[in-house]
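What follows is a pair of complexes built around chain A, which joins chain B in one and chain C in the other.
Let's turn to the complex of A and B:
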């Protein structure tokens, strides 16, 4: 009995997030005709998967006590280079995907090593890397338009298997990996320890530097995957396509109950955060609100959840 | 003891001199590439190009002096720029009225940041990340795509000269004088004290909330000023005009030698940093290479400057600990 109560208390924020997601879905369905059909729900879930996947990386970084502001142009660079290098030919994916993968690892390493080796604050390090990526991408594309995404990638983002969107299966697969890493592997425990108190973790034998670097690599990889999927979903890449994911990924993580200070939270919560944000986005047209309101909603979502969390903790 | 102090001073003077050395190198490089730049009109134009960044940088300097960071300046710049381009009518009265309203919007937006950070003790980056998103959204709401109208009176503001000296140099001088006056005020002293050691400052009667509120409100005001000024350069409004200034304002402050650990540095370095960043873009133009190298170099320069800044700070701390 006390076990269950403890479990409830520990996962209070996550459970609250899921309850809110379900409530939002039910309330909206009651007012909007055709909202609760499987066809529409499927579309919503696919839309949620982009925030969900970028949020996966952001979860790892925030759990470790950092934050990744280089998400927008990491996503954008992957999407743009994918379409640019493939020229619409799926055969080119054979070399393009490994190159993009390697790029993501390098960007993650640069972020992580800058934070751990040079001691630069995560905010400023990742902000700088974001700028470098933007500059590099502008150099490569010269600000021009890139070709459409290869058919195979479009299929990956919009196709279905047995009525279930492939993008959703991809999300489920990476979510499973994230859950395994956080809950079943030593990496997860080391990450929580690092985020809670890096010094204590270091003194207890956690390789703090390595864990931190790894979290940034995971974040870059997640943004890259989201970039590939988004290029396929939209059918093309454009400059600025990643910008809102900075806000939405951080919002999803904090709505999911993770502490912005690190050390507390789980990807399970971020998934609920991604669902809530997607439902809020779907609500805007129903309420006849300007699409620009979405960014306002993201901002208030971050402020509200972080503010409430700090009140609960007594102002830390 | 005195040797260590001298060493510490040596480090300080190295970090403080760096932006000016960089600036001198870039000026020489730029002028040798484009000798026409040395004319009186051109100098005015150069200063005007850097001015928006100088203004945002002024606010960011004060925020970073208190160990904070203001990511919302980009959103505030876009928001105020869109207000200007959509609301101002034809007359001078309307322009002045709306400029006053816009500056108040800047102060109010910044004060919200300051209140949230000061009252809830939330981290500055997460609060200003959220308000950045909100300000961006409101800017898009006001003006969904670039356009609007900027009155001619404003566009011609940076052109021409007063008493034979480019008007922009007067404006720059005025901003620098304003800083040196502000620095000597009670709040100015408190900002430095708070940044050096928040606990000690609190114990000697500095109100944390008071300083935080004023610092972020000031940053909002500076961003609003930049939002107005940038319209003189673009001659139109844009909901994304502020985006590049977030990175560049932080970069200008850090290149300028203001410590990210608070309490040390100032506006003079930031002005140099802002001109360094502006001139990098100019030099790529002068070299005839793709101007996007400028964007690339700006990001790289920030990382390098931060590494130098943080590295020298850590070395100095280790030295002090050893004593």
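Let's turn to the complex of A and C:
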């Protein structure tokens, strides 16, 4: 009994986020014809998977008490270099993917080590890395167009298996890994401990630095994966394609009930956050609103969920 | 003469009845002790009186006028000053800013005048007799005893009509404790009501005029101090008797040294400490506050590595981090449970399992069953009253929080326990359980280093007591030498009576 009450209270924000996602879906369906069909839902879910995957990395970093603002150009760099190096040839993926993977690990390490070893604040460190990536990419591409993504990658992002989008399966797979890491594995416990109070965690024998660095590596890897998928989805890479994910990845985490100060939240919540943000974006054209209004709507969504979550359900 | 009358007070936290119809009556001019086991509802009552939480039912009246306390502001206006058990200071402000928080002396254009603020703070500290704390120091940088003194000063600063001291002596050294008792007496003499919460019966006997005892959120007894003797007070508190608080010492402790320190040095705090901790012994560490005790514990536990040599069972070790120390079997109960010991927002289970989380995992996966078994076992052993291990550690009463910290070290499978004031705020019943447990552990070979601010505890629990002064071991007391008086003597750099001196090693 008390266990259940505890559980409800701890997961109140997450439950609210799912309730909101479902409500949003139902309300929109009632107004927009063809919204609730499987075909359209499928499209929505694939769109949500980009925020969802970037948000996965962001969840780990935020839980550990940091924030990763290098997400947009990490994603962009991966997408651009993928198309650039592949020249449309799928065969090149054999070396391009491992190189991109290694690059993500390095960016994650740089972020993490900057924060832990040098003691730079996460915001400054990751913003700096973001700037470096952006500059480097502008130099490499000279601001020009890059080739289209290889067919295999496009297939990955837009294809279906038994009527289910492959991208969605990829998302489900990484979501499962995230859930295992956070809920079932010792790393998750140590991450929560670190984000809650790094000093206490350290005194309890947690390798706080390692755990923190790992969270940034996970985030860089997640952004890289999202970059690959997005390049395939759009068919090409362009400069600035990652920009929206800076805000939306953090927003998804917060709407999903995590504390921006760390130590509280779960990827399960972030998934709901990603769904809500995607539904809101889909709602704009239906309401005949200017796409520029999206940021305003996102902002209100955050305020609303955070506000709702701070009202205590079932008394104090 | 004024009377504080609390009638039938009720407060629920979810399913927990923290207060279940508690009443208390205290008069001006008296120091009124409030007793009760951990979780009895003492701090809850205090929080209600201070406007930190709201009650569900019952009434509070001062001078027959009903008080409506809905916020800390209301409490201050009603003349209630509180030193909270878990301290209410803001770590990133200075001592002066904390002391005058919300009522800073204003200059022209309503700007706060810093210089004057600090002057007034210094004057206040001096007037209260608090030395050695700079008004300009950041609270964050102060050890817990000094923070406790600032908290007391803050409560007393406005000359309250009701001064509440919630376990304010628990972190203080004997000398500072004596100072506080004097402050309480003086405040009462000047016509205020003093409510004094403590788990130390001797202290209560020393300072209080009347007492009220709480059990499970209800007042179960009240009376003049000499109407209720210690045994009766304990029986009221726990609903049973405690046969003996301190278990008998073992006759002989072996000679085998488990942990040895040679020439431990850390800045000016540790000036070359030599120490031998033997198998099966409980070695006390005493002395005035701030003589390097904390640094010694932290150095041995890898929390603040010091220079010098540390040997474990004859082998040199390098505890450069708590993790390494833990791996060697050295576990620490740190000084400050709220900032060093506990993850307040996480569950009791997560807290207890954290030091061993990797050990109870296979291929990275936590063995949930082993974890639950382990937590349930140690929690029962230490009588952590919680109801559910999924509860947040921060929602436990102070004493129960302390037990969770102790539980962490017990599950870590340590061979050496470093207990820095591990029984701070723990009630008499559980204390006696803990001491019995420590004796048992010692019997099976555990080596324990035991710091306490409570002199009685030091002399009754420990086999030997090392008294520290100026970052060194000033002397070690054992056997018939081990008396409170001698500990005090060595603390202030005095020497022992000549006959006994040769027994000192």
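Everything that follows uses one rule, which is that the second predicted complex is superposed on the first by the 298 of 316 C-alpha atoms of A that agree within 3 Å, B and C clash if a C-alpha of one lies under 4 Å from a C-alpha of the other, contacts with A are read in each partner's own complex, and residues count from 1 in each chain.
As a convention for this text, a residue touches a chain if its C-beta (ideal position, glycine included) is under 8 Å from a C-beta of that chain, and two chains touch if they have at least 3 such contacts.
No experiment lies behind these values; they were computed from the predicted model shown.
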Chain B versus chain C as contact partner of A:207, first or second or both or neither: second
Partner, of chain C and chain B, that touches more residues belonging to chain A: B
Partner chain(s) touched by A:189 [first = chain B, second = chain C, both, neither]: second
Touched partner set for A:263, first chain B, second chain C, both or neither: second
Touched partner set for A:199, first chain B, second chain C, both or neither: second
A:5 touches, of chain B and chain C: first, second, both or neither? second
Touching both chain C and chain B, counted on chain A across the two superposed complexes: 315-316
Contacting residues of chain C [partner chain A, same complex]: 13-15, 301, 303, 321-323, 326-327, 332, 334, 339-346, 350, 353-355, 357-358, 361, 364-366, 387-388, 390-391, 408, 412
Chain B residues touching chain A - in the complex, by the definition given at the top: 69, 71, 116, 120-123, 125-127, 129-141, 144, 240, 243, 246-247, 250-251, 254, 260, 290, 292-300, 302-303, 306-307, 310-311, 314
Chain C contact footprint on chain A (complex, rising order): 1-3, 5-7, 180, 184-187, 189-190, 192-193, 196-197, 199-207, 263-264, 314-316
Chain B-facing residues of chain A, complex: 67, 114, 118-121, 123-125, 127-136, 138-139, 142-143, 240, 243, 246-247, 250, 254, 260-261, 290, 292-300, 302-303, 306-307, 310-311, 315-316
